[in-house]
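Chain naming follows the written order as A, B and C, and within any one chain the residues start at number 1.
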Amino acid sequence: MVKTNPGRFFEDYSVGQVLQHAVPRTVTEGERGLYHALYPARHALYSSDEFARDCGLPESPLDDLAAFHLVFGKTVPDVSLNAVANLGYGEGRWLKPVYAGDTLRSVSEVIGVKQNSNGKTGVVWVRTRGLNQLDEVVIEYVRWVMVRKADVNAPAPETVVPELKKALTPQDLIVPEGLDFSNYDFALAGEAHRWGDYEIGEKIDHVDGVTVEEAEHMLATRLWQNTAKVHFDLTFRPEGRLIYGGHVISMARTLSFNGLANAQMIVGLNGGAHANPCFAGDTIKAWSEVLDKAETGVPGVGAIRLRLVATKGGDPFELENDEGRYLPDVLLDLDYWALMPQ
Amino acid sequence: MVKTNPGRFFEDYSVGQVLQHAVPRTVTEGERGLYHALYPARHALYSSDEFARDCGLPESPLDDLAAFHLVFGKTVPDVSLNAVANLGYGEGRWLKPVYAGDTLRSVSEVIGVKQNSNGKTGVVWVRTRGLNQLDEVVIEYVRWVMVRKADVNAPAPETVVPELKKALTPQDLIVPEGLDFSNYDFALAGEAHRWGDYEIGEKIDHVDGVTVEEAEHMLATRLWQNTAKVHFDLTFRPEGRLIYGGHVISMARTLSFNGLANAQMIVGLNGGAHANPCFAGDTIKAWSEVLDKAETGVPGVGAIRLRLVATKGGDPFELENDEGRYLPDVLLDLDYWALMPQ
Amino acid sequence: MVKTNPGRFFEDYSVGQVLQHAVPRTVTEGERGLYHALYPARHALYSSDEFARDCGLPESPLDDLAAFHLVFGKTVPDVSLNAVANLGYGEGRWLKPVYAGDTLRSVSEVIGVKQNSNGKTGVVWVRTRGLNQLDEVVIEYVRWVMVRKADVNAPAPETVVPELKKALTPQDLIVPEGLDFSNYDFALAGEAHRWGDYEIGEKIDHVDGVTVEEAEHMLATRLWQNTAKVHFDLTFRPEGRLIYGGHVISMARTLSFNGLANAQMIVGLNGGAHANPCFAGDTIKAWSEVLDKAETGVPGVGAIRLRLVATKGGDPFELENDEGRYLPDVLLDLDYWALMPQ
């Protein structure tokens, strides 16, 4: 009886299946401290309990992306251990802030399967929910991956491709209970520009860069209990350990402080692509484009939709070639909604 | 008057001596978070306060090996600063879980000395106890090291070689007060196999590997306040910084989650050898062998005795050559007891 | 409208200006744990809550230098983003210990400006104060930097050079409320020598060394939210990422445990120079010289003034060449006051 987890193959998934992922995790001040060591995180709401209280929250939450990585990491042994490629994200929502002391677990539902024409792989769509110790959903998102078949002769399942929103609407976004920007201190937050100062179409070069190291991305990826071999084992991937895509997301988001310091809370993930792999030695830089703006219905709290692009070279604002393919220096193209004081 | 600690030499030890080690240390959520960043730690009892409470504990303890490393680290300036070799461990017991907020200190008693025939070195045996702020012993173990003499003309002491158990008996093992696996959630723990599913003689390849980096092992070793020069100072050891043996133990133990996720708590250390040195760039993998199984007397809680082998190459399950010597790719051969739900 | 912070240039400073620095930061047990992972920190007062309570404090404070780095880090975007050189420190005082849960922010006042004769740069002096959530000053210090002019034709300001004390007097030093060394446990502290055992002029070689790695200094520097490009971005500084001077200070100070374990609390910074840059791969060692000793007025608590020198090679106690210039292997020359049991 084999005791180790071989992971699921394409033929092991069927629409409607519910996967209860191991292992629950209590987040503590340790994770909060580590997030500030691993990334140049400076958003004030997550840095200062006092600032958070002045904004109506009980204390600083765990960074929204840290919560995302923790929920995501649990799904790896069940969803992406045999994945060939991480194809996309969508319909991501942050429903409740996560605080030190909360315990998170993850549950996924298979919402789509489609065998590829080569008969050797297929695409699986899952909707994952992160729940806290009160069984409240704190995060949900859809992710689709290409997975190998174990048995190429296994019959193709009926194709189900879920209909996903291209982008969340402002009505989909949840403003955390109590959030109130009326006492917002722009000087302490590090940025004078507020929601009204950003224009749709505006692009911002975040200027700063970080040259990434093996030890750092492994520390981060382990912290989220993401165990995918490609990130850790150089004998498994002698051409170089692949950096977890979430490490690039967090690096780019925290670099975006310089120009978007008031885009405090991430509340929606419309989509995202890891355009090219990232390796130790690459220097990650970031730029953003304002894609949309909306009212949230909560006075003083605006929503801003941002494209966040991470690069490892090239000029800012370059994204695609003439055929619409990502340029080789583009690492990440992320589309998200954040909350900003008005 | 020399202010720096030169360490003890062989002639400075005598049987019956009691060494009060500096420096006490309060463990916090910071150490707990760091353990999850430094190692692929996923055992549910140590990951989730809720899971721990469902098992009758007040919250997740600090990882048993983290507690061991902290107790061990304090002994380095008094025991192994002038050690030539770390020869072995035995009779290790975990007597009480350690929780965030506890303060640990270490005390060792010299229980054996034996000068080597070359007259230049000798073997010293110490029994070390880790105590918490209530002066309760939380960990105890025996360790023996080869130590240089400062003065080769110092007379040889009377040889005392302590009699140590080859392995702890099940009666020696302490099940933490309140531990109760009757509500144990195997799905959340990440493994369906329970105590009854493992057979004596069974071997498990834990599959995953981690290529280790200088920054990581130094962060870990410092965290346990282990100050041995060989781990940190490349000018002291130009052929490469030696990775603290405990880093290899923790890496191998956490990799063993994949196949032994329910071997939750370490309660006994029967013996252990650091077969070959480990350096940055090595890829640590692990395999286990079930050596024994026993009832603990606590309903639902079984004890399992495991050999945990860490390697840096070669095929799994290879250990020794024809003459019974460790193969060059074997890093660690550890023999321990763990508690597992029945 | 440019959204990113271009930093201030020389002509942007004027005497009397007050800079409210972003971003406030709540320190937690996470920072405390990380400090012990990043540096070989062993001073008992900061390692054990029990030891701290036996010394009259409510628990272990955050390391004094960690508090300093946090206050300093906030000033970087406003003071040293366009700095050519960090010229010096002075009149630094630790006024209150910082505990987990405290929230720090920084405010600086410009106290001096002097344009250089080349007309392209100038020196700016600022007095920085770190405040906690109760608006109590916990740290204050003066720092001067050389800053570029954006417009070389901008008129030179009136020169104001502040008069700074060469060293704080014992009367300037604040002994934390309640500090009491009458129950001080020298065995647990790891060092038998007390205040009376150190002589003015005495030099101590701290023996141990640490070969530093890129990942480590970046983790540390980010933790203090210091965002200076030179520490992180290899494309910005292809000749090598410069290690934050504060990383060298903390490394040297923690190495000084071996010989100065009872120099528990830092209360004054008289001056300091980063003599030469430090890069990954350098092995940091340290030596100290006792510059002065004084009574504090609090029974049992002595003050000791120490020169702390960090090196990356050479022999201990070597500092300057015949012309009084720092030798190329000297990294740091720091002059501080610490409290020690009598």
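One rule holds in what follows: contacts are C-beta pairs under 8 Å (C-beta built on N, C-alpha and C of every residue); 3 or more make two chains touch, one makes a residue touch a chain.
Predicted model only: the values in this text are computed from it and were never measured.
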I need the rotation angle between the copies chain A and chain C from a CA superposition, between 0 and 180°, in steps of 5. 120
Interface check for copies chain A and chain B. Shared numbers divided by all numbers used: above half gives same, below half gives different; which is it? different
Just curious, how far off is chain B from chain A if you go by their C-alpha centres, in Å? 36
Listing for chain B: what residues touch at least two other chains? 28-31, 33-34, 100, 213-216, 219
What residues of chain C sit close enough to touch chain B in their complex? 28-34, 36-44, 47-51, 59-60, 100, 187-191, 193, 197-198, 204-211, 213-216, 219, 258-261, 283, 313
Contact residues on chain A for chain B in the complex? 1, 3-5, 20, 22-26, 28-31, 33-34, 77, 100-101, 103, 105, 133, 213-216, 218-220, 222-223, 225, 227, 229, 232-236, 241
